[in-house]
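The following blocks contain the structures, represented as structure tokens.
First chain A sits with chain B, and in the next complex the same chain sits with chain C.
Here is the complex of A and B:
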């Protein structure tokens, strides 16, 4: 039996295709990006080696630093506003209400929609003249608040965060819901017998026992915020005047509009390192 | 004495019941309101996809369309080629799902069921791929594919989607395989199966639930992927839905009805698949998240 299960030829046959495609598409490109990031290069010819020049420029580039601040701001909003909303709904639904399945299904719909569709849809919602939001504000007598939400520097950032938060509330709710559901019913039964109220049960029993899933959700929110691209690209492309710029959209502009391959690669490497470091740090610092 | 006590108990209980009922109604209203927030933009999209600009700009932004203009859909299909993009998305996504399932199940079989020294190391390396943002690969892949003349082909998307789908898929398959008893392999070997037959005839059929999970997970991520798609594809015959819709919006700028129709056509297939398989989809997302 063991000879069958350690047949070297068979092992190679099963594993090598995956390893090859993995090396070619994930591993080598990282190495290439690191290499490019040391070059001053516009994509034509070979480029000149400038060592850490791009990185030094990066940390004095206020447009880049602002984009990093925006992504952390987004992480903050998503952890402290979106996740509590998700948690609230997860707890309510896991507690067993009428229509539990219906609500779970509906809340999750935006998650499966394409970000391009969501972006287009929200840019219509935000439209200054005919958008749903301004129409609604005018209808309830708050017409003075109506404005071009995505076109103004002061509101564009928050306006472009909201659709992403809206889209993923259901996603985090589902992860937390599955965590809450996996807690043994006996524990709830015991709490009920002791006369604990639903809110007390949630804070004293359910939430502490949900720590592992909550950790997953916070981690996803954090890393997802640092990588965010799609919705910002569709809604504002980083504008107006860079007020919604995040590292990914900045990288994209630098590479494909300014043809600064080296500098853009330095941003790409920054994003990868940032995500890896924060993942490891988060995992080490927060023990549950 | 006893009678008084039991009566007051009764009243108490009734009061409590009453409170619970009101609490439930408030809860239902609250849940329904939020359901409305999640679903209304979609309903609004469907409504304005049937209107023309005179109607939208004439004040009927939110209401039902006065005339249901199917011509918007005709225009989205005939002139904006939304069905072509839909077809392309189906091709790319189906191929990606096929390759991910085939390659990941093979690799997981070797890692999870066969005995070799580097099995665990290989697994860890592949699983690490889940932490790599696709940003790192964007420019290098663009340059390599340009040199290999792969830009503006379906392969330009199928290959990277497959690669980035493999890590999660392998780990879902490996953990599922652990639940399959090892005696099965032995029995099959005694029956005279070789290792390839054990994979194909014994393990693969048993993997079916995990295959469904991986298929759905891969479907959602590759169907909606934008960054690779807008970078590697700019010729119409190969555009997938996200890219196609982006360019449609660019040409139709102010024609809300036609854009809306395009968005609806792009969205309805996913929504239908989701509503048919909602439990399975939700399970897949949880499995993918917990692995990640």
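Here is the complex of A and C:
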């Protein structure tokens, strides 16, 4: 086998199909999007070339800028609320509670559920008339708090974030859990002999040793938040009055409802560049 | 691994790759065969895409029946259908036609939806295949919506008009009168509210249901001609009549006419709520009748369809209707079998036009003489009778205005309903949108 792998022709043979597929499904569409983003085009006839016109419009479009703010807000919430919850679960589970496997599976269930199902589930929970949330609030005497959660500008954004956070808690928990589990048992034994408490062990041993895994989680969470689409689309379609709009839902509306393929492509290119730049920056700034 | 073994390994790999190439290209070579061998017994295959799926949609069953009937009668021209639901269908057909990969026949919404495809030459004019015997079977004027630049592109099937559906049981409970003027509407709203009944249910999450309310009110206030003129030249929206219509809509909002959760309610939820008797009125197209007349619906038999109330201070009359949209099937310009596709199109349009009317899917565009209409549900009969009184139609504004303008229009109406805009601001912003280039007969 070694002789095969040191043969350059053989390497090409194995690598080229993957590279071709990669170029065809990832690289080419991006290049084409960049091309489209320079056009004023309704997606049907022929477009006219307008250079950076779409990008100039993009940065003076308050609806777009607001959607970017929403996505960063979401990234912030994901990293500082969702990940700590995941970490807590991961540490508890890795410490070997009773029914470890059972809980691991339960926390992971939302991840494998279809997003549309989750969207329907939560829109029923939030329903103003018969929703679980309002019914619960009324039952415990807090009826004054009951409201149309997804229909009001002040609550819609946070109400649509919560299901996404809920969905991916299990995902990040699993990444962190496997990180925690891969730490050698010897170290824990030594700590135990030295008389370290469980909390001290977590903060002084487990979390520092999990840093590479945590970095991966933060990165996934950041990028995932910036390009979030599906749950927001199912829950609110970006409404009411664009208060839950994120760049990808805005792109969808622009392309498929307003027929502006060129402008929509400019948004797509923005999302790609934004994610790439942040990934590189994050990687450079945080060394583990 | 020895040299000989390596050679064999490489050969095997090459073989695998060649095989996979052969297999993937199989499907396309098959297509070529059917295109060229018209004389051999190989049947022609036509694909048709539509948006009628689901048990509640009567059209879905009719399409399948019509296709089966056609396939039995024409073993040499086999039609294959493929349907997905509305919003997904829009995305799918746009992408496919833009990429030149569309089916032979496709369902299209009329007006500004289909217009860009016709202008880009993506769809086929069918004048040469449609003769007078076909045209004579159509109700007069219904072909207008299928005609662009003097050429026929499609045939009508059935059409829709919007009416005010009133739940008589709830009206009686509140002691309110079914409104025929705006003042009576205001009065009914007050009485219904006082009785703890939601007067009107509106699913504004999807934004177009709210648009229906503003549009009909504008038509009642400004009249059909003035409205058509404004749709062509939106600067005319900035005028007293359209401002007054917006003011009246906000007046209804202030009176609590609409459900409080309208901004989180979707179209489907709205129809369900009305069919469950949770609200007294809904202003919608006749496609909601199936849900109301469902045997298990609690409102079956309790709902009447009325024209939208007239405004005593307005120029619109009760015989001006919102609706009359002509959607239908269109032929892809790149189809290798235009003649067969057109034959099928004529067959399907007539079949759906008549069958759809009898099944309560819509109002007829084809001559219905000789059809047994005794089993029609009362709401279909009522709306069909209403339509007979019509002197003019203006179809859904989002089918008239260009795509971007209709997006802006729907967003503005939503903001008007939320009272984020004054009537003056609303009309000022409406006057900035791009106008329609459709003929609007």
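In this section, the second predicted complex is superposed on the first by the 267 of 288 C-alpha atoms of A that agree within 3 Å, B and C clash if a C-alpha of one lies under 4 Å from a C-alpha of the other, contacts with A are read in each partner's own complex, and residues count from 1 in each chain.
Rule of thumb we're sticking to: a residue touches a chain if its C-beta (ideal position, glycine included) is under 8 Å from a C-beta of that chain, and two chains touch if they have at least 3 such contacts.
From a predicted model like this one, the values you see are computed outputs, not experimental measurements.
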{"item": "Which of chain B and chain C A:181 touches, first, second, both or neither", "value": "neither"}
{"item": "First (chain B), second (chain C), both or neither touched by A:128", "value": "second"}
{"item": "Which superposed partner A:149 touches (first chain B, second chain C, both, neither)", "value": "second"}
{"item": "Touching partner for A:211 - first (chain B), second (chain C), both, neither", "value": "neither"}
{"item": "Touched partner set for A:260, first chain B, second chain C, both or neither", "value": "second"}
{"item": "Partner chain in contact with A:241 - chain B first, chain C second, else both or neither", "value": "second"}
{"item": "If touched residues of chain A are counted for chain B and for chain C, the larger one", "value": "B"}
{"item": "Contacts of A:117 with chain B and chain C, given as first, second, both or neither", "value": "first"}
{"item": "On chain A, the residue positions that both chain B and chain C contact, one per complex", "value": "1, 4, 7, 10, 13, 17, 43, 129, 256, 261"}
{"item": "Contact footprint of chain A on chain B as seen in their complex", "value": "24, 27-28, 31, 34-35, 37-39, 41-42, 44-45, 48, 56-57, 61-62, 103-104, 106-107, 109-111, 113-116, 122, 125-126, 129, 131-133, 135-141, 143-144, 159-160, 162-164, 166-167, 170, 185-186, 189, 194-196, 198-199, 220, 223-224, 226-227, 231, 241-242, 245-246, 249, 256, 259-260, 263, 266-267, 270-271, 274-275, 278, 281-282, 285-286, 289-290, 292"}
{"item": "Chain B contact footprint on chain A (complex, rising order)", "value": "1-2, 4-8, 10-11, 13-15, 17-19, 21-22, 24-26, 28-30, 32-33, 36, 43, 89, 92, 97-99, 102-117, 120-122, 124-125, 129-132, 135-136, 166, 169-171, 174-175, 178, 213, 216, 220, 227, 229-230, 233-234, 248, 251-252, 255-256, 261, 264-265, 268-269, 271-272, 275-276, 279"}
{"item": "Parts of chain A lying in touch with chain C, wherever the complex brings them together", "value": "1, 3-4, 7, 10, 13, 17, 42-45, 123, 126-129, 148-152, 156, 236-237, 239-241, 253, 256-261"}
{"item": "Contacting residues of chain C [partner chain A, same complex]", "value": "1, 6, 9-10, 13, 17, 90-91, 94, 97-98, 116-117, 119-120, 122, 204-207, 260-265, 402-404, 407, 411, 414-415, 418, 420"}
